[in-house]
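Below you'll find the structure I mean.
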């Protein structure tokens, strides 16, 4: 392949040089006397990205799937009841995992493009007078459809009803990019991944755990040692780990957090929104649809673009990849062939988004899609320049 | 710290530039159309390091602990009986994990410095007429004491007795460094880690799984989705993964395997033996002991050096680290304060070993240990030069 | 700065990961016994990029300016007559250097936007019956105005007239990107730089030298030891250098040559033409001019875009840089404020060009330039997709 | 080659990760509006390493040889008289260069192992009543023989005599490692190289220039444009360069200076002395000689070890390199075959020196040299541990 690839999937993302360099080091002894001087501030500072001071954040070698499993195996026991909803590939997989762990799953299976059904959740929780429901699951950002759900809304329901269920949130493609307030929203287990908003390589899951969730571990019949929160907490308190930690990724995380702090987390979120709106303007200019049903559901980290009925979206993805080295996200499961996805998260600015949109236009032209060349890119450019002050670079 | 650190722990190891560079790349789309062109040969070639053609090797974001858990959760069910032995920190932790997963554990708790007790295993298996024992565990290389056990011997017993138990082996600090023959020894689950003989960063566990072990998955009551062998096998067959794989580490693994192939796996093993013997010569010259009870148990990847009774070995470790940037392994558990450990595995040649031994001598002098400066280094030099042809560089 | 910078200057260029990695190594002993095993093939293979088999190529720590100086100090003596032309910043500086070295300079000072004046050169050489002119200078690609001159044409004149003058060519921003045939064109000294078509960091000048030029060294009154061709040739013949060579850059050059060979030098040139035409289509769509006077002069590595009279082009450059991290080339000397330059050379594909063009559009919008957003990008997209098969990625 | 190479030549040196990472970046536009924000503090701070506040330091793509040439071509004119001394390969080459530039050279050709002959210099300068001598040359650290000369002593003579000659110093293998005081010693041109005490790759020469030397440029008949101090000064004053600068190396220099400041320049010098003494202790323990004639001449950056008469030192160098990957410096010129050189400068601590010494011992054993294995390493260890507090790591 000649020239750089254009990485426009919703994770992994474009990795900043600063993070790449931070990890480009000799391996280190994770039992060294001064290792805690590195790990303790890291474990403290990562909490700011989850916006928690009450809870703690654990770092496991793993993926988001590991984070889902950690939530279940630490806090629940077989046959426990959970309230869930599925409206996309990833929300659906977590629900399926609940079944495999032999939980009693109360699931709302919704159209893809929908989000967490607050009304249905409220009704079901209201009906749960005996508090059989031990945990409520919410997918904050469904990566397959580009839908962001209202997690604060779930908390409001639980609080209104005085329901003690734990709140588990999949924040893999939201935390670090979209506003996420673990404490304010009363999230008990929040699952994140290194390769999304944290702009790092794959291989680490970051799990925010509230004190309430830690307490729940005491009663749960654990079925994992690897993901055991209590083992991890005990070792972390000394600045160490119960087994070999992903030290190289942790060096990257240090850089990632420092970068987010420097930009300011609010600015990070605002930048994602700003860039996402350009992508949505392009989509409209192309005359194509957004898989998310309503504008209130639009995700600021990924847009699933719906192609014309009958047209196979995978042709665009193939053309983009093979002809121009542009990686777009494919439609998964129920929307396979119906959408292509543009990831717009992480270490990104306006020209980088224009590169991705330009790549889409090249591919659509190669596939004979009917649109005006430059129209999508132009719409994004108009959006980006209609503001008084350019956003992204002013931030640092 | 001025100058390079001297990394003389038994993993992580010194990382070759070739591996570091292979991982120093942009992040990549693990769902790209051509990703299988990378993964399929990788998954095939990694088998050669385990010396298996019949089995397969899975790559999980994780640590050796994750590998232990994967063996248990995939192939066994609660209350299954396992035959185990503990004679060091790591063999002991795996046995403890068996208990936490509510297995029925038949354990031989031996003095630290011993290895897998073949005679006791034979007797116990002989007595198991009804084949209650579902799995036999063996720690190939106990990293805490520098003891290598006879895994082929376990296989011989099982075969002699026609016992159908699965054979699980912890090869974390042996595979890639010390001879390991998964097929020839009939190993059913072999656990390795990226940060030892594979010379890579921490964060990936490599698990060799026999067809017999894959079949056992069908009957076992799984308690993990994350480590599920069958999900992984199904996706791997297409060149993909059931969830986000550690792609960056996999790029490093490609380089690691290529390097081992270029050197020749037999040469890799011979080099480790050659270098280890120099360390043992140094230890003798210092007048200190080896934690391994008998020379047949001496490990070629790590030596646990026993200090004089009453002397705190941790003083040497602290002096080495703080005064000279030399990382030695501490004594763990029962041998804490009694030994310091010198790792001698991975990307290593004679001058690198001399650097570590020199570092030990500096630290011992600072601690007032009574020995002749240069004696240990000199003994190693004599050993290394008593051969006709120098080994390590001739190999490539 | 958030996100990657967009590097759209005519050198340095976007550096491929392969080259970056090749240089990301430990320092090495350039007097090592096996150093010639690396240098000899390198010095041989680099000749292919200059398309010479008769001449040789020297590598100096230096810049293009050093290359100009090397040509003068090795092959000429004070008071020697040279025939030159200046039509831009860089052609002009070389001429100025000739004066500083006390040469007798016959210079044609042309409008910026013009190229080497073949007719004038012919007339002057024809008149030089006594062959006073010792060297003819030609700037192959004037980086300041985006003009490519006809070097083969100069050779034709010299041959027609049987004139023995040496032919010196500044190929800094052409060699490796635009067709350059040292032997076929009878070039005696050809100057290139590491940071243009070779896609490497700044710091090395590569100088192609014909046998005729080597012979000329014998008679010239040298005024440099550092740039001495004969010292270099003598040491190079043994695979070594007369003083410390830029070994790290040479590792990068190895990778650079390998990459160009893999793509095929003809393909490299065709790709540059293809991408350049997209940029020119965009320029036309914006309603702006090209600093080069005629389409036959258009450079395939850089386009100097002429803005509306009275508008300060530097405003666009400042907005692009400060608001979007896009580096454009400024107008130099006589065209300062009248043009901005888009570099399109090196490790580049279509989406990367679209990123640069998109960046220009963002900046022009911020400056109130009157054009339709997306029009330039769209024109380039149309150009890139009007061909049957996409070019750049098919090449490897 | 298996394992890291041991780089024990007197430059290039072991490169710190911090410097390597600082240079492992995207290429950058050296005409960017904010480039001076980087270059101005850099050009200011580098002066501290030369210990000058009155003078300035120029950075050229080049080598030490380029630095020598810059001194001559900027400050002198053909036929000017210079007072010089040669007592090794590098002092000799600079003298030879003076001749090639047609200077009138008054040279003292001394035995190799001697240093700058202060008495002879005094006598000659005293005799120079008419101040015909325009410049006095001194090689601060002769890399070929491991001899450090007394530059302050030259200044004292010049001051005593009120002689106005410029003082040119070759500090290539001293500046950044051994005490060097440009202002206090009244040095007018001080030449350094990136690949020695600055711990960087080859390719940049750093030249300290006094105001007196700058003034001398005005009267000199320059014969270089490339190395022109006045062009450079003029551009540097704006934060720019007269031609493409080695920006990547400059990023490395930023890190290098920061590291030296953090350690403290006095500590850097003390560390070099401390480490060098260990090497000299080893040499004595082996029963071998030091090429430097007197202990007052011993260099703290390189030791030229004299082997037994009749024994070919190159055999040790070859064995070290081919059998163990240890790069030692060869004897050059008059001492070829009589010495091997151990470089001990740059990013170095005690265990790294022991690695090099261990490597020498391995090679000497392979060559049948008669000595006790471990004796040299042991002597160094004794030296390093006889101090109350270990030096190198305490510094940071």
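So that you can tell them apart, the chains are marked A, B, C and D in the order they are listed, and the count of residues begins at 1 in each.
Here is the rule we use: a residue touches a chain if its C-beta (ideal position, glycine included) is under 8 Å from a C-beta of that chain, and two chains touch if they have at least 3 such contacts.
All of these numbers come straight from a predicted model, not from anything done at the bench.
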item	value
Reference chain D; chain at largest CA-centroid distance	A
Copy pair chain A, chain C: interface residue numbering same or different (half cut)	same
Separation of chain A from chain B, taking each centre as the mean of its C-alpha atoms, in whole Å	35
Distance from the mean Cα position of chain C to that of chain A, given in whole angstrom	45
Chain A and chain D: spacing of chain centres that average the CA atoms, whole Å	53
Shared-contact residues (touching 2 or more other chains) in chain C	4, 14, 24, 26, 322
Chain D-facing residues of chain A, complex	17, 21, 24-26
Interfacial residue positions of chain C with respect to chain A in the complex	1-4, 6, 14, 24, 263, 271, 322-326, 347-352, 354-359, 361-362, 365-366, 372-379, 381-382, 384-385, 390, 392-393, 395-396
Chain A to chain B touching residues, read off their complex	4-5, 7, 9, 11-15, 20, 24, 26-34, 61-66, 69, 73, 97, 100-101, 193, 195, 201-204, 222-227, 242-249, 318, 321-322, 327, 329-330
